[in-house]
Amino acid sequence: MFRHTDYLQFDVAPEKPDPVYARKLQELLGGAYGEMTVTMQYLMQGWNCRMPGKYKDLIMDIATEEIGHVEMIATMVARLLEGAPATESSKAAGADPVVAAVLGGMDPQQAIVSGGGAVLADSNGVPWNGRYIVASGNLLADFYANVTAEAQGRLQTARLYNMTDDPGVKNMLKFNLARDTYHQNMWLSAIEELKADGLEGTIAPNALFDEEYSEHAETLWHLSDGTMSDQGRWASGPAPDGVHENRFLADPQPLGGKGGAPAPDPKLYATYDGSLGDPASSALGTEKGLVGKVKEALDPDKP
Amino acid sequence: MFRHTDYLQFDVAPEKPDPVYARKLQELLGGAYGEMTVTMQYLMQGWNCRMPGKYKDLIMDIATEEIGHVEMIATMVARLLEGAPATESSKAAGADPVVAAVLGGMDPQQAIVSGGGAVLADSNGVPWNGRYIVASGNLLADFYANVTAEAQGRLQTARLYNMTDDPGVKNMLKFNLARDTYHQNMWLSAIEELKADGLEGTIAPNALFDEEYSEHAETLWHLSDGTMSDQGRWASGPAPDGVHENRFLADPQPLGGKGGAPAPDPKLYATYDGSLGDPASSALGTEKGLVGKVKEALDPDKP
Amino acid sequence: MFRHTDYLQFDVAPEKPDPVYARKLQELLGGAYGEMTVTMQYLMQGWNCRMPGKYKDLIMDIATEEIGHVEMIATMVARLLEGAPATESSKAAGADPVVAAVLGGMDPQQAIVSGGGAVLADSNGVPWNGRYIVASGNLLADFYANVTAEAQGRLQTARLYNMTDDPGVKNMLKFNLARDTYHQNMWLSAIEELKADGLEGTIAPNALFDEEYSEHAETLWHLSDGTMSDQGRWASGPAPDGVHENRFLADPQPLGGKGGAPAPDPKLYATYDGSLGDPASSALGTEKGLVGKVKEALDPDKP
Amino acid sequence: MFRHTDYLQFDVAPEKPDPVYARKLQELLGGAYGEMTVTMQYLMQGWNCRMPGKYKDLIMDIATEEIGHVEMIATMVARLLEGAPATESSKAAGADPVVAAVLGGMDPQQAIVSGGGAVLADSNGVPWNGRYIVASGNLLADFYANVTAEAQGRLQTARLYNMTDDPGVKNMLKFNLARDTYHQNMWLSAIEELKADGLEGTIAPNALFDEEYSEHAETLWHLSDGTMSDQGRWASGPAPDGVHENRFLADPQPLGGKGGAPAPDPKLYATYDGSLGDPASSALGTEKGLVGKVKEALDPDKP
Amino acid sequence: MFRHTDYLQFDVAPEKPDPVYARKLQELLGGAYGEMTVTMQYLMQGWNCRMPGKYKDLIMDIATEEIGHVEMIATMVARLLEGAPATESSKAAGADPVVAAVLGGMDPQQAIVSGGGAVLADSNGVPWNGRYIVASGNLLADFYANVTAEAQGRLQTARLYNMTDDPGVKNMLKFNLARDTYHQNMWLSAIEELKADGLEGTIAPNALFDEEYSEHAETLWHLSDGTMSDQGRWASGPAPDGVHENRFLADPQPLGGKGGAPAPDPKLYATYDGSLGDPASSALGTEKGLVGKVKEALDPDKP
Amino acid sequence: MFRHTDYLQFDVAPEKPDPVYARKLQELLGGAYGEMTVTMQYLMQGWNCRMPGKYKDLIMDIATEEIGHVEMIATMVARLLEGAPATESSKAAGADPVVAAVLGGMDPQQAIVSGGGAVLADSNGVPWNGRYIVASGNLLADFYANVTAEAQGRLQTARLYNMTDDPGVKNMLKFNLARDTYHQNMWLSAIEELKADGLEGTIAPNALFDEEYSEHAETLWHLSDGTMSDQGRWASGPAPDGVHENRFLADPQPLGGKGGAPAPDPKLYATYDGSLGDPASSALGTEKGLVGKVKEALDPDKP
């Protein structure tokens, strides 16, 4: 269960309106690596965590913080739109190139749909969606995803920092940049902790190493004609997992047979000349297949 | 420019049809962490890479390999659907519970739309889309994303490995598991190489550390009531970047003022009682704002 | 079955082209509360209505009108784009700031994809989709949705009315505003009629009141620190349904136990330390579960 | 800023696993009218509210409660999946029709992607997205939307209540049903309060009544051949807003001219026979249009 | 403007309920090539048509027919769901494998969301969206798209025809198949008519043939290792447009230089080693670029 | 399996940056008829082709070429963004109307997300998705789709050709236009070849002509009031398939009964007055239905 205070985690006080920037800032709210994504990614990871204790508690601390970041960005957007020339705009645009320019760079839905507020979308107006998040239950795989989210998030924040000279906006972004720095360090720390606790290794998931074809777990297939891909540590020397040896396969050849789809079911009307023979009999739907066996078992006439 | 051979990178030979599994395998084709994602993520990263040389060559090698993985999975799906009871199915379902069950678990579009082939969608039939990929131009941030993609990909492959007992399917997955192991090691190696080359640090991007509020770059805000989040290395000790010190903020208080949106533009018809005063005058769209200044410059009557 | 006349329901005659406004008007065509939404929402409600008679006839009257509104907006968009500087635009933009500004505010797909016509998308270019509509079969719940659609629609129309000074556009919008006024009154009338006919009550659906926990059907949980939420009629006095009494819960406490996901299936590779014990045995997929019982019934060796 | 407790708002304790039901329950989590929608709709409305005080405080109380409902449903899904036969499933399905049936009804991503947890999607696996919500700044229009959301939500909950006989699931749903009852009453109360406070009327927005064509604000256009649509109070008598009179237009005729798009810009290659004459000259992009005037003003050679 | 009759274009009378088939039939309603697509594609083409007369009239005739097809399929779905075991389903599924199987194959939203009616989505539950349609203004290009839509539509209908043995369903599909046959012939006739009228040629658009590089307008680039692609009429002989000669390029070589992105703007933090030199100076945003020239023109101090 | 060379298929060398055009060019990369679509459409068709030989080899040749076109457009976008004023933009926009205009027309994600590179989206920023493609297995239906894709693609390219005067961009587009010309001729040739080989006819699929209602396979239903739709060859004379005769139905009447949904399941809470009688008993889920029969067969007490 959650509780809320009206006080914001940090100051959100732009010096003046800037509707073009308000559109750009939507990326941090509803973009693939915006605050909505980390909020829901961490919440779902916390709720999907299978161990009570420090990892789950950590995830829920951060998840709860991130809802407050959505709040901060949404508030900043509304304040940047204050006094934006949203109405009577066509006339104004006809008279004033700057107004026209500004209107051209605005998100029209911030005016028409939200009445001067943020929308739950990115800087191109595409709505945020639930496929942006991952919560697999495997903490190593998910913490890699969290490092990624914080790294892309800090990168986008840094770019946006350079796109404004409003001291109030920059003030908030200095806080966001710092949080993204800590959160990267934090998730990297958590990966170390998982290994130290013996819960995970370097490769996710920590399983099936005896099943996989180990001769294919070490080689870089050289399939593009650039000549320098053999010159990094990915092409030779010990691998980060401490088990494998990185190797370079200079002239890789296909290991499989020819591709191709099988003879088609005639009732699906694929174009077909019979060259692959008749379609295979259905293993599932016929008398001789599995169904036949079940039917036999079901047969009331069977003695 | 690309070239293609009909020979597959590895064997794709299921022993028997399995339409229910064919649906599940769609996750590896068109899911958020399927082969389409890594293909397009690596291609776009390669084309967006700003340095000719080993990094770009590495990315293009792997990107080119991944197109071949899309080919393998699409071929496997078509072969798993061979002889699947796609037609006359309602009658069959009425008579046979197993057929009905199998049909219930199938992807109907693999029959109706693709005629017994794969679709470019995930295991719930949701189409793959371009927001699944990231190619930011910052190699550290993107390589973190690549480790994530390979980790989630190997995890999903491992789960799918346990959901079949077809030796032919398992044979292919043993190859895929191995490639995902190498690719995790490979991108982790590439991260080490970036640091060794002095191109990036631990935190992405390697910039604005002097601008961000450093006092907020080290603290875990304890906002959920779990009691153990102070017990990991994220809460104390040196941070992975070698610069910061992780710290725990046991009872964090909001640092910002109260939230709230400003007085609204009356022509947008937000419900309003006047309690915030009149709306601010438009800084951009009025005579006294920027537009006024430009108008003045444009004034043909001006001497 | 439908029939069509080329004559429009109302005049659609802009005085001059305005490509920036043509983009904004897309919101009324393909936005979440645009004409496509009410068209398809009312059609699907009419086809899903379970009572021949006045309600179904009403819904089909309005649904049929709304297709004509889609026609009007699409026609208006094409006419607003007449003579828009869609071609040779980069050169023009280089020379003329106003042209550049206008082009910046245009929807590029109206030129590139539709050749000067409307697209089936909103003002940010996001395509209309079928999840925008609701047709539940419950007329009370759906009429609430219809009031909402007409209210948001009139609100957006009113905002757009203030964003143009073209008399021809304003002329059409004066008609649309009026229809939205009537349609709000109309759906509110229909809600009264449903109640007068004894078909529905105030709360949807009119069922399960004896099953739900009545002590939780009256209280406002005070979970945010604003101090005034107890001062409206939602916090005390009789509820609109004439049955319940609104009440305020000043310091609500969680009623449930601790959250948390159960011990994981090991073959799904969630990170796990065993602290929740072994995973529960499968109730469905094992010999002792339901499957076992069915197997037994199926057993051909059973006497 | 938000805070979280691990204790759930209400009990979430299913008696036994039920993976088919876990899929259906996704509708209440990530469907168009699920808990994610009300959470984000209310949060965005609260942050977009232009009046400090009782309305904003009310919205934030409920918004904060709803995050806890997302938590409850996500937890319930994970617990319903406990011990679900997610692995080795193809073999099991071959042997057991019930297992096959159950697997057919499961959401495959709950196993493959989330490892036995919920996904942020609806019961068909379509991800939740930000276009499901509305926060227009106009409280009347938005409270209508909120009544709708709670009505559809309670309707879906009631249907799901009938689809299970698990006492633990029913226990939770009895709480959810009650909350949806209160929330409908609550938003209806808030609409009354808005009117009593003189902030809004019956029609949203409370504006432009003098501008709209009043003769079109009262009539039902009879455009479908059902014969009974004139028999409800929407066709005669006073309208709910207390201002208009509902009327029936038995044989409505089009009021506009013929539809049709104008002569096309030749560089856009629309098929055209010249029958509409030459395309209009561009009002914006030519010497004689607006641009010309600006150019003139800009002309450095102008005296 | 449109009018509606309650009588359906053709009989829609299934003999018995079939909820699994009801889900499959959604493909013809809300799939990429379902009735919603042809309805909206033809309506938008008609409204975007630039010539009053036979083409526009034809398009509007067919568009109006197609709305009635959406009506037929939606009605069929509701009737196929009659008596479907939507409620108390988990208990039933436990007892009855056939029920469980059927429920597994149902669309859960048809019960939970639509209350036994159709949804505006395809057979996997993915909502219909506006990007499925095309209305470019070029009738040749659009009529090719219309042939495609009717061909894919008839193909899917034919597959679905084989998936049922319900005489009532088959009866309706025999009508739909026939209409799809006529509509293919019709659009192919319309393409002939366009050419006969001298409005379009074979290649769309009928323009820029003198501008394009004619040596690249005739050759098949052989980039895959299949050996037989030179054996069709696409590889030699006259092309269908009567102008070009088809040719085969057996060993094509790249004609362009090396790919690669330019030196990055440092404020965007792409990883960069300086090897491409300094980033180019901005042609647009600097004193020496276009902006500089405009600034100069604007300079109020300029004499 | 694929291989890659760094050399591009054709020159990609814009003369100068043009960020507004870079946004428009996204339509050719990630639009519904852009290069991603033809790449994935042809790849999936090739992998789904049921005949080894000339058709499959042709498809794979072209599919492989198209990946190289995605590469060309992505490279062009990055080069057009070189030196674009992406940073410090708000300040610049304040000072310079041209800069503001240009920024208004840019895709903000090309800067914020991709760091000066292309995104996998269209010119409105909507991500490319897998529903844009079709690969049905029926080559006639799919080749119609391929003609459509190349026709729309060439049309959009031609429009974009007129929107720039950059000789380097025009140079590349002259190549693309030529390829689109050949590809239209090529797929039209392939349709002729399919017919010459006796594999397909004119109507897709080449089946069920004896089943469909032939009297409905020839008539244009005149449902809109335009008076000229009987004046084309679609309304009289032999049809293109050489079998049917086109005819005109001047005053078509509905052939079906009244529409309407059946009596509802009471547990789904549709509004209902009983006028359609009681809901039909469930044919599937009851003792007397199919389930009953299966139960009987399963009855262990049965002798």
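By letter and in written order, the chains are A, B, C, D, E and F; residue numbering begins at 1 in each of them.
As a convention for this text, a residue touches a chain if its C-beta (ideal position, glycine included) is under 8 Å from a C-beta of that chain, and two chains touch if they have at least 3 such contacts.
These figures come from a predicted structure and were not determined experimentally.
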Partner chains shared by subunit B and subunit C (touch criterion as defined above): A, D, E, F
Output for shared partners of subunit C and subunit E reads A, B, D, F
Pair exhibiting more inter-chain C-beta contacts, A-E or D-E: D-E
Count the residue numbers both subunit C and subunit F use at their shared interface, divide by all numbers used there, and answer same if that is over half, different if under half. different
List the centre-to-centre spacing of subunit A and subunit F in whole Å, with centres computed as mean CA coordinates. 26
Suppose each chain is reduced to the average of its Cα coordinates; what separation in Å results between subunit B and subunit F? 24
Mark out which residues of subunit F touch at least two other chains, giving numbers and ranges. 1-9, 32, 47-48, 53, 55-56, 60, 63-64, 68, 71, 75, 78, 86-88, 97-98, 100-105, 111, 113, 115-117, 121, 124-127, 129, 131, 134, 136-138, 140, 155, 158-159, 162, 205, 207, 223-224, 226, 254, 258-264, 267-270, 290, 294, 298
For the complex, give me every residue of subunit F touching subunit C. 18, 20-21, 23-24, 27, 31-32, 97-98, 100-106, 122-126, 155-156, 159-160, 162-166, 223-226, 254, 258-264, 268-273, 275-276, 298-300
Which positions of subunit A touch subunit D when the two form their complex? 1-9, 30, 36, 40, 43-44, 47-48, 60, 63-64, 67-68, 70-71, 74-75, 78, 94, 97, 113-121, 127-131, 133-138, 290, 294
Across the complex, what residues on subunit B touch subunit C? 155, 158-159, 162, 267-269
Under the touch definition given earlier, write down the residues of subunit A that touch subunit C in their complex. 1-6, 47-53, 55-56, 86-91, 93, 97, 100-101, 103-105, 107-109, 111-113, 115, 121, 124-127, 136-140, 194, 197, 199-200, 205-207, 294, 296-298, 302
